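Heads up, the next two complexes both have subunit A, just with different partners, subunit B and then subunit C.
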Partner chain A sequence: MPFNLLVLACLCYAVLLFAIAFVAERNMQAGAARWLRSPLVYTLSLSIYCTAWTFYGAVGYAARSGLEFATIYLGPTLVFVGWWWVLRKMVRIGRRQRVTSIADMISSRYGKSNLLGVIVTLISVVAATPYIALQLQSVTLSFGVFAAAGTYGWAMPDTNATALWVAAGLALFTILFGTRNLDANEQHTGIVTAIAVEAVVKLVALLAVGIYVVWVLADGPVDIFERINASALADWQLIPSRWSGLIALSAAAVLCLPRMFQVLVVECGDERNLATASWAFPLYLAAMSVFVVPIAVVGLQMLPAGANPDLFVLTLPLSQGQGGLAMLAFLGGFSSATSMVIVASIALSTMVSNHIVMPLWLSLRPTREVTGDVRRLVLHARRFSIAGVLGLGYLYYSLSGGSAALAAIGLISFVGVAQMLPAMLGAIFWRGATRVGATAGLCIGFAIWAYTLFLPSFGPGGVYPLSMFMEGPFGIGWLRPQALFGVAGMDPLIHALFWSLSLNTAAFAIGSLVSFPTPVERVQGLAFVNVFDTERTEPLAWEAGQVETEELLKLAQRILGDEPALTFFEEAASAQGTEGYLPDPTPEFLDALERKLAGAVGAAAAHAMIAELAGRARVTVADLMRVADETAQIMEYSGRLEAQRAEMERTARQLREANEKLTQLSIQKDAFLSQISHELRTPMTSIRAFSEILMEGDVPPEVAGGQARIIHDEAIRLTRLLDDLLDLSVLENGTVQLDLRLASLNELIDRALRAAAQVRPDRVFMVWRDLPSEALFLRTDPDRLSQVFINLVSNSRKYCDAAKPELRINVKQRGARVIVDFIDNGPGIPKDKQQIIFEKFARLSDQTRAGGAGLGLAICREIMANLGGTIAYLPAQGGAAFRVTLPLRLEKHPFADAA
Partner chain B sequence: MARHAMLIEDEPHITEAIRFLLTRDGWQVSALADGLEAEAALRAARPDLLILDLMLPGRSGLEILSALRADPGFAGLPVMMLTAKGQGRDREAAERAGANLFMAKPFANAEFVAAARSLVSVEGQRA
Partner chain C sequence: MRRRSPVFLARRAYRLRRLRDAARLLPVAGAFLLLLPILWEPPEASDRNTAWDGIYLFAVWGGLIALAAWLAQGLAAGEDSDEATDAENGPDGPRRGER
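The block that comes next holds the complex of A and B.
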């Protein structure tokens, strides 16, 4: 098969995956495809456990070590069947705490400690490096197989170059799909769907090769059993220590591998999916393993001695001239490798950006305000991390020479990630586990792993000189990397596993017992260990009233984006029973916000940011009391009491607000009467004085003409005032006649800008518009709508006193509604006045006589209600900002039914 | 010598009407549209009568009046307060601040001129 064709097939396959991911993401956003979060897709996505190691390496493993390969699948099977409740607890905690990665989970549990986050991230990255190298190696080897077939007249390019291209391609794909957006839940529906498809491809490919081997190359199962009995595999002896050690190791790995954590916990759309996965995933593993031994045995018999058993899946069909089947097998292997690399690098990049880049940025930035676009920073950090992770994988591949057996490399990684197991199990089962213990355990385990397994994996003369293996460092015999404390003769892998995990666990336990947990740790420990009991307790409550909601909104906008943040705040406000975008900073709200932000930047960073704004970096005595009293607390929060309390709080709050509003309205009514008296009497004074003068009749005609004109002007002024009042009353009663027709939004805004230009015409006003977004046709009453626009633009021109006044007009379409924002760079409206500006005669200062009688915004509000829309003040936009929302197509008068 | 009235009023048409009425009655009239410069102008012009609007941009009529009455040089200056609000509360406030006469807008021309004359002649007799 020509090399070009092979590359083309890979590219086509990648494009297909890309398309699947894209369509899935689209459907998910439209809310159309619920099956994307179904148990089937969830189970298939878990199959990233089966990487190229499984696809190619398992056969090689079986050929070298017989049935031992099965341990790698027995461990996860035991976990999913027997330890299902552990998984369920992890998923529940993950969803409740909005955990974004395994590092986030451990850091969050041990007092939102960023140090632990960094340690776990480092372990994960280092441990994943050989694993990613393994995938690169397998893809490179599989390319090599086609080259070695040799009959097609092309030579294999340099293997290093191939690995480099594969790494670069994978990095590109992952960056394109994994870091398009910052999702608060850190879920990637598109990727997960693509992974599920790859799971099917690799299963089908392996089964196809297996069926071909059993029923075409051999004469069915009976023949296969005879061949197995005749082969060397039959002589395989079970070594109990290695057998049980490997099962434990793979069980630990399936819990701790960052990529497994990603699909198992982070991407879990529904906890119930886990119930299906608990039997379906072991079945998948069984299906993947069933033909391993037959393929190994037949391969050993049919292929020349010295053929790499890791590649039997490919070389067997090829040697029989089955190009198509080989191609399928190749794509299966390619799927296995790519899906692992994609998910692993996404998981690792999340950890690197949340636990290393963000904290660094938080501590290095000069001011405490959140400036600049944090989202872009996070996305960039992730993109560079993905490239970095793949770069490390490539480096390991080229350094280790790409010669080792696939399974051997994979097991090194497994032992590395297994170091997280004590800290993680302690996190969810042992309230007494502390940060000190976790840190000590992780560091010691990691160090021993690196010393006894990872560094030696580069081979004698790689990192260690040969003498190091034989005599130990500086001739200290009991420190020999593969015979610690003089325990020689052990299998190197089991040796490393035994020492690293037992010393890790010991350090973790002793560290936890001798240290005292901080208050945050105790609170988080309670929330983790008792996750099923403490449904209603919100562990670490923020204190209300110490923080300006507007500041929080600014922070949230920078991290979540403007619209999602505004929506979140608006929903929170309406849940509290108030209108607008600024909910009260209640403890519940702060907690919800922290978890929302944690989804984007990790728990530790989110906690630090809010703590900074809330002016509280440490836990108060009140929190300590709360923790001490936790048992009573659980009893206290019975569901109904809680609901009643919330209800009463809401009612009280509404009453308070209604009362405040009434008081203000009453003051306003007095002011209104006084105001209207003034507005009517002022023109009347001139009219009366001059008409009396004219009645006396002794005024020269030219003077009389001037006086008559004054009477005329003042009469018009009176009429205008009465018109406004009448307009308002008609609008308020809903008896206004609307003239509904199609109108171009662009033209309406043009018209408003022209009409408002006569207000303070001496000022140069910069207006920013996005014309393409304005190309909308609305069905509405265009005259009424432009009345609103004119009013808003005129107000900006009147009150915006910036040196270089600017007005931004943003138009957005949201389904059947249109949003038009008018944002200037003036002083804005103070928070206490934002509620009353839409009331009648609510001019902000008595002295300002620049405008009319203060009816403008009141009329706007009534017009928008009549047009089926709203007008609201948008806080925290850096100036006065008004948002007009209206339906794209208004079919009938919104008050028609009521009238 | 013509009697001199100073008028502080922000509505130009009302200023024009009052200027016409008083000039015809033999007064000399100077007018200001803003409360901020009132005191300086008063010191310079030393008018016989001050006609003060209650609601003014910059500084309200009541504030100007209180400041004047605190100054011995102006303690005896007759002041007529004009208001378009016409509420009893405003009248009381104006009298407390030391207005000699309170005139609601709109007014009858004859009444206005008579009031202006009475203020100056009464004060004149007393002096």
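The block that comes next holds the complex of A and C.
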């Protein structure tokens, strides 16, 4: 088979995956494809458990150690068949707490501790690196098989270059689809769908080779039966410690592998899918392993003695001249490797960015305020982490030379991730588990794993000198890496598993028993362990009233994006029964916001951010009571008291606000009365004075002309003031006549900008507009609407005193409504004044700067009400910002029914 | 007629509870059967039959899958009607949130 054809097939396959991922993402965004979240896709995506190691390596494993290969699948089978114990709880907790990775889950349970997140992330990265190297190695090995078997005279390709190309291609794919958006739930539909397709490819490939071996090369099952007992596999000895140890190890790994956690918990669209996966995934595993022994036996018999059993899946069809079948098998192995690497690097990059990069950034930035675009930062961090993880894998591959047997590396990695098992099971079943215990267990387990298994895996003379294996460090015999505490004669892998997990569990238990958990830990422990009982009694860790909602809005906009954040705040505000975009910072609201942010940046970072703004995490007396005593009555009673107290506090606050507003209005009205008398008096005085001079006669005509002009101007000012007052009263009564017709929004804004240019014409204003979005035709009263626009633009010309004044005009269409935002870069309006600017006679600055009598915005509000829309002040936009909302087509006067 | 329906529901809830017990027991039984080969024969007896071992292994595997599939059906159906059945369970049922 020509090598070029092989490369072409790989490229075509990669393009196909791109297309599938792209189409799936499209469909999901359109909300169309329910099947993307079906149990079938979920089950197939779990198959990333079967990597290239199992695809190629299982046959080699069977050829070396007989039926022992099956233990790798039997552990997960038991875990899935027993889903009611652990998996169900894990998935429920993961969805409820919006967990983004296994590190997030452990850190969130133990008091949102970032230290634990960092430890788990480090363990995962160290354990995954050899595993990724293994995938690169298997792909390059399989390329090599085709190269060696080729009859076209081309040389063996450079294996290092092949691995580099594969790693780069995988990084590109993962970055393209894994970090396109900062999804609230960290779900990647496109990738999951592509993974599901890959699962089918590898299953079909392995089954095809198996069927070919059993029914074409051999004469059916009976013949295979004979051959097995005649082959070397018949001499296979079951080693009890390895048999039971490996079943337990693979069961632990399927729960703790970051990539499995990603597809199992994070990408889970529907908890009910788990019920199907509980039997369908073991079925998949059984199907993947049913032909392993036949392929191994036939391979041992038919191929020359020196052939590598790890590659029988490829070499067996090739030796029979079955190029097409070999190609299918190659694609199967290729897809096993790619799917594992893609999901593993997504999972690891999420952990690295959420638990290492974000906290570093939070603590390193100089000011307390959240500045800059955090979304971009997080996405960049993930992209670099993906490239970094794959780079590490490649580095390990090229350094280790890729010579060890496939199975050995995979199992070492398994023991590494299994160190998270005690902390994780303790997290969901034992309320007494504490952060101190989890940290101690993880650190000790990880250290023993590195000492007894990972470092010795480089061989005598690799990291340890040979004397270390024989006599121990400094000649201390009971510290020999493969015979710790004198336990010699054990298989090295089982030895490491035994000691690391025993001491890990012991440290975890003792540490938990002697330490005392913080309040946040206890509340989280309650939420995790009793996740099925405490559906409504979520822990409320925030104290109300210590935080500025506007600050929170700024933070949320940086992380979630402007519009989603505004929508979230607006909904929360309306749920509390207040207008506008700034809800009261109740504990419920803070909790909801924290979980929303946690979906994007992880629990620990979200907690830290809000804690920074809200002072610190506080647990109320009611929460402590709930922790101390959870009889249902007391929980309910305190819950009701809490709710009543919150309700009363809110009402009191609203009353206080209303009172404040009334008082201020009354003061304003008095001020206005005195002011309007003043406004009326000043022109009146000058009119009277000048007319008296004129009456006396004896004035030169040119001077008389000037004085008459002054009288005229002052009269016009008076008229305008009276006009405004009249206009306002007409608008307020709803008796205004609207002249409804079609008008172009673009022209209206043009007109407003032109008309307002007369206000302080000396200032050069930079106006940012988005012309395509303004191409809308409204049915409204264009004159009245442009009056509003003119007013807003003139206001910002008047009051925006930035050095380089700018005005942004954004237009958006939301269904049958149109939103026009006017945002400048001036000082904005202070929060205490935002309430009153739309009231009549309101004026913020001294009157010398403002030309009018403080009626402009009041008139605007009345006009918008008459046009069936609203005008509101938009907080936290970096300047004064007004949002005008109006219907696209106004059919009749909105007050017509009421009148 | 009104008195009969609670009886029927309670019976159903009882079945559902036992179904969950079965789901919890299944992995224990599976582990027992999969670890059984350790006890079969002393290692020095050389007439071990690898093919038969394999068939035993896959038979246990298939049995576990079939049982799990059967249980999953009942459990998934049970979860949907949980609210209705738990109301009948009285105090010994697992407490779910007060919706």
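The definition used in the following text is that the second predicted complex is superposed on the first by the 672 of 899 C-alpha atoms of A that agree within 3 Å, B and C clash if a C-alpha of one lies under 4 Å from a C-alpha of the other, contacts with A are read in each partner's own complex, and residues count from 1 in each chain.
The working rule: a residue touches a chain if its C-beta (ideal position, glycine included) is under 8 Å from a C-beta of that chain, and two chains touch if they have at least 3 such contacts.
Bear in mind that the values here come from a model prediction, so they are computed numbers and not experimental data.
Once the two complexes are laid over each other on the shared chain, residue contacts for A:G82 go to subunit C alone; subunit B is not touched.
In the overlay built on the shared chain, the residue A:R688 is in contact with subunit B alone; subunit C does not reach it.
Contacts of A:P282 after superposition: subunit C is touched, whereas subunit B is not reached.
Looking at the shared chain after the overlay, A:F291 reaches neither subunit B nor subunit C. Applying the stated contact rule after C-alpha superposition, one finds that A:F589 touches neither subunit B nor subunit C. One of subunit B and subunit C touches more residues of subunit A, and that partner is C.
Of the two partner chains placed by superposition, A:Y396 touches none, neither subunit B nor subunit C. When both complexes are overlaid on chain A, the residue A:W243 reaches subunit C alone and has no touch with subunit B.
In the superposition on chain A, A:F143 makes contact with neither subunit B nor subunit C. Overlaid on A, the two complexes show subunit B and subunit C touching no common residue of subunit A. Of all residues in subunit A, those touching subunit C in their complex are 66-67, 70, 74, 77-85, 225, 228-229, 233-238, 240, 243-244, 247, 272, 275-276, 278-280, 282-283, 286, 290, 293, 532-537, 632, 636. Put simply, subunit C touches subunit A in their complex at residues 20, 23-24, 26-28, 30-31, 34-35, 37-38, 43, 46, 48-51, 53-54, 57-58, 61-62, 64-69, 71-73, 75-76, 79, 94-99. Partner subunit B is touched in their complex by these residues of subunit A: 674, 677-678, 681-690, 692-693, 707, 710, 713-714, 846-847, 849. Listed in rising order, the residues of subunit B touching subunit A in the complex are 10-11, 13-14, 16-18, 20-21, 55, 57-58, 84-87, 104-110, 112.
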